[in-house]
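Below you'll find the structures, each written out as structure tokens.
There are two complexes below, and they share subunit A, which is joined by subunit B in the first and by subunit C in the second.
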Partner chain A sequence: MVVIFTAVAIMGGLGIFFGFGLSLAHRFLKVEEDPRLDAVEDLLPGSNCGACGEPGCRAFAENLIEGVHSPSTCSVSTASTIESVAALLGVDPGKQVKRVARLFCAGGLGVARQIADYRGEGSCRAAHLVGGGGKACSWGCLGLADCMVVCDFDAIQMNDQRLPVVDVDRCTACNDCVDVCPRDLFEVMPVTQNLIVQCKAPLEGDQARAVCGVACDGCGRCAQDAPQGLIQMENNLPVVAYDAGGPATPVATHRCPTGAIQWVEGGQFKPSGHPVKEFCLD
Partner chain B sequence: MQDMLWIFISAMLINNFVLSYFLGLCPFFGVSNRLSTSLRLGVAVTLVMIVTSICASLLNTFVLPYAPYLQLISFIIVIASTVQFAEMIIKRFSPALFRALGIFLPLITTNCAILGLALFQTNRDYGFLQGLTFAVGAGAGFTLAIVLMASLRQEMRLSNIPSIVQGTAISMILAGLLSLAFMGFAGMFSAL
Partner chain C sequence: MTQARSAKSFSHGVHPAEHKQASSALPVERMPFVSLYTLPLSMHLGAPSRPVVQAGDQVRRGQVLAEPSGFVSTTLHSPATGRVVSMDLARHPNGQYVPCMMIEADPFDTQQFEPAEPIDWRALPIDGFIEHVQRAGLVGMGGAAFPTHVKYKLPEGKRCQRLVINGCECEPFLTCDHRLMLERPAAVVRGAEIVASKLGADSATIGVELNKSDAIAAVRHELPADGPIAVQPLKVKYPQGAEKMLIKAMFGVEVPAGKLPLDVDIVVNNVSTMAAITDYFERGQPLVERIVTVAGPGVDRPANLVVPIGTPVREVLQYCKINHEARQVVMGGPMMGMPLASLDVPVLKGTSGLLAFTEAALNHPNEYACIQCGRCLEACGNLLNPSRLARLARAELYDELHQEHVLDCMECGACTFACPSGVPVVHLIRAAKATIRKRGSKDA
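What follows is the complex of A and B.
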């Protein structure tokens, strides 16, 4: 019994001593913070995704109060969140163009030629490091779903062609998939930019068609059909520059022999199958 | 006086907490990205070590003789409170450093180098001043190790590293080489 009492007395004494000391220290060392900071942080989604360019939601809240950002810079917030933040701070909510991650490859299973059977660690980064996976194309999607795993918002699902399908409504443009993809196939674009070149292979003609049914073979027809300056050919791939010419129309995609350039409204691939033209190998 | 000098040199170089005892590796890898941040973390850890050492000496003299079985838990209480205190000071006087250290500041609480310091000091029956010297030496050793590491990692950002060892792997290799270098001190002195 004595042992218990000694222990309780000593630990209680220590606890009271340090607790008292710390509360005194708190009184003298207290930092005055803007009370709106905590309120704004509570309203924000709290996912700390970094899509706004700040290291976390609290840093974003600080910048909101200082007026560096407008509430709509947060691409994860819903419209009602943005409005309540704007109302709390008495600022203009700002305008937000919805941005989503787009995949620059359409070479799924059955379309891209396989030259090997990859049976290693089930991760794109591992496959890219050791041998580049099983596809003949060294630029295409490896289909091992690193992007699906890294997505915090369940916005990416693999379809039956082993291509990632981005759910446009759920995608918050946080750039996680852009960073994780070892082949840099993702890019975050405004959803209003409809012309998407779904190929990154800098091959020409037969070389391109030999590795994938939906590869861009660099024929340049899209560049000819589009308004002057909108599409430039670089490394046998069309590059769409929305501010250089326009307006962008689906006409540019009509003569594409492989369907590598697509006019996309909403999601890119269907959850099963894909919207590109059928093309038979051999 | 001779004694104090030996304790200091031993804690700082020969038995460096990080590179010879492998204590406190978490901030050693976590906060060694930038030289300025790592130096300040080193100072914060040294501060916590000194206060812990003082408290541990007092506890060893006045409280623990009555209840030696409370040694670990009372040391942990001391460390946790000290870290809270250090956190308040840093938040008050340097918010930028507070943000740069991030989670590693409260994590000083669970830094085994600090608990190790209190336990070593008790096991070796150091008195008040000896303990204080030991704490300053250990803190200086920790700061030295983390500053060396941060300088190396900053240099490495400019060099061409094979992609297979980039990032964590090369940091581990560097830490191993640093540790090997500090093993040289062990051969130079046989005392302690």
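What follows is the complex of A and C.
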């Protein structure tokens, strides 16, 4: 009986002693924090996606309060969230152009020429190392969905051609798919930039057409048809300079012999888009 | 018997079936010249070579086509007399399109090589010797294609105490080094003499596995009496031919993780490279051809062929009568070699074999969960934990992979071979290493 009392007394005494220490620490060693920080963080989506360039939502909230970012830098938040964050902090919500990930390849199944059958670990990064995968084109999409797996927002789905289709509404421009693609086929760009060259193969003419039905063969017609200076040919591929040239119009795509350059409104690879030539093996 | 007793080896490793009997008895023959050669400007590790000829130029066999563009780069020579057709992108065996030079062989030329005066290597200073080796276009011919002259450039304060000549050929199916040692033992020994004397090595040891006892005897026969060169028989085990394993087997010395053989005062070269050194210094012949083993159940006429560098793989396989059963062609050995997506790729300086496999011979096991049996740990010569590396690779935990020394993996494939669950261990590790390198270059 005495043993139990002694034990309770010792443990209780220790508890009181450390509790007192903790309360002192809480009073005198307290780190002053802006009360708005927690409030802002609560409003933010909490996905820690990194699209704003900060390591997470709390770091972004700190920078918001310091005025480094404007609330609209967060591409995941909805318009109402941005408004309420701006109202809470009493700052201008800022303007933000919606940015999305675009795939620079349209050579899906049945369109890009397949020369071998890859059997092995089912990831693009693994297939890329084994003789470059099964496609004749060594720049094209491998179709093994590493980007779909890495996307935290379920914004990427593979279509029946085994091409990743980015859901424009869900995409937060976080760059995860850009980093994961072994062939660097994704690029994050403003949704208002409608002219997209869906090919990265620097091959020319017949060589390009031999590997894919929708390859850019470097003919340069789009560069001629577009307003002066808008499109430049580099490495047999058109490069669209939105800030340098005149306004971009769908005219540039009209004479494209393969449909490699497309005028995209909303998501890519819509069935109603330009008819895609089926690629037939010789 | 005495040989078997004196044979050395390293700890761990695996014993794949050898499959060498199909081609080990076949003498080396020369493949006829084909009409078009494709020469990638970067078939070695390091910077691509810089072309010095233009499309339309006439070139002679052995003429310089491209100069090294830096120290870790090498010279490229024409494999045939003919004409430079074009310089264009063409497919490399790794699947990427790279700048290549196309040479059209002159069908009326004899393609005879005119031997030049022997080079007096004894009189050369070490820097001059290194320059000559670079001018010969020599790369490691065991497969990695690392420029040979870079190995000879000893950093300040370093000394090459021992030269190791790698004649293990531990990969199944391959017999090109075996045939070379059997048919040209004098060239191997001569090359070893030249390199050992120029590097100031105390000894040169030629390591050969016991399954090539005839090659051991042939090379021993050529050894000069009381010279610094010796032949060391080794037990048959994979991956004995990995340079770190070879050093461990021969001298019991361990090359520390992340270090090179030079850090333990050793330089390792392949036997083919030694013969190529002899060819250059005695006949002036640069690296324009190499011996390639063509074997596997997918070819009807296996062979050890002297193939000019740049010959399309398709032509080599057709010459060896590839049959309709063939489903996969591997460049190199079956353990570390690269399956080819296209046959329209050239034979490179580092191509030791072309193996055609039938569906029946292909082993694509179903994958089951890792049962933690530890066989891959017993297989790994580098004493890594492959099963852990594979799991971390699947989980994409790259910092942890780094801590587990993933970059020390030499990708020999012994772990995948040993795995009873069919886990593609080495493939996962390779993909993870590629990702780590990509992230590293982005951060830098």
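Operating definition for what follows: the second predicted complex is superposed on the first by the 245 of 282 C-alpha atoms of A that agree within 3 Å, B and C clash if a C-alpha of one lies under 4 Å from a C-alpha of the other, contacts with A are read in each partner's own complex, and residues count from 1 in each chain.
Everything below uses one rule, namely that a residue touches a chain if its C-beta (ideal position, glycine included) is under 8 Å from a C-beta of that chain, and two chains touch if they have at least 3 such contacts.
Keep in mind the model is a prediction, meaning the values are calculated, not measured.
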{"item": "Which superposed partner A:Met11 touches (first subunit B, second subunit C, both, neither)", "value": "first"}
{"item": "Subunit B versus subunit C as contact partner of A:Arg255, first or second or both or neither", "value": "neither"}
{"item": "Touching partner for A:Leu129 - first (subunit B), second (subunit C), both, neither", "value": "both"}
{"item": "Touching partner for A:Leu203 - first (subunit B), second (subunit C), both, neither", "value": "second"}
{"item": "Subunit A residues touched by each partner, larger count belonging to subunit B or subunit C", "value": "C"}
{"item": "A:Val31 touches, of subunit B and subunit C: first, second, both or neither?", "value": "first"}
{"item": "Which of subunit B and subunit C A:Gly21 touches, first, second, both or neither", "value": "first"}
{"item": "Doubly contacted subunit A residues - partners subunit C and subunit B", "value": "129"}
{"item": "Of subunit A, residues touching subunit B in the complex", "value": "3, 6-7, 10-11, 14-15, 18, 21-22, 25-26, 29-31, 59, 129"}
{"item": "Subunit A partner contacts - residues on subunit B that touch it in the complex", "value": "63, 66-67, 69-70, 73-74, 77-78, 81, 84-85, 88-89, 91-92, 95, 99, 164"}
{"item": "Interface residues, subunit C side, partner subunit A - complex", "value": "88-89, 91, 93-97, 338-342, 364, 424, 427-428, 430-431, 434-435, 438, 442"}
{"item": "List of subunit A residues in touch with subunit C within their complex", "value": "115-116, 118-121, 123, 125-126, 128-136, 138-139, 179, 182, 202-203, 207"}
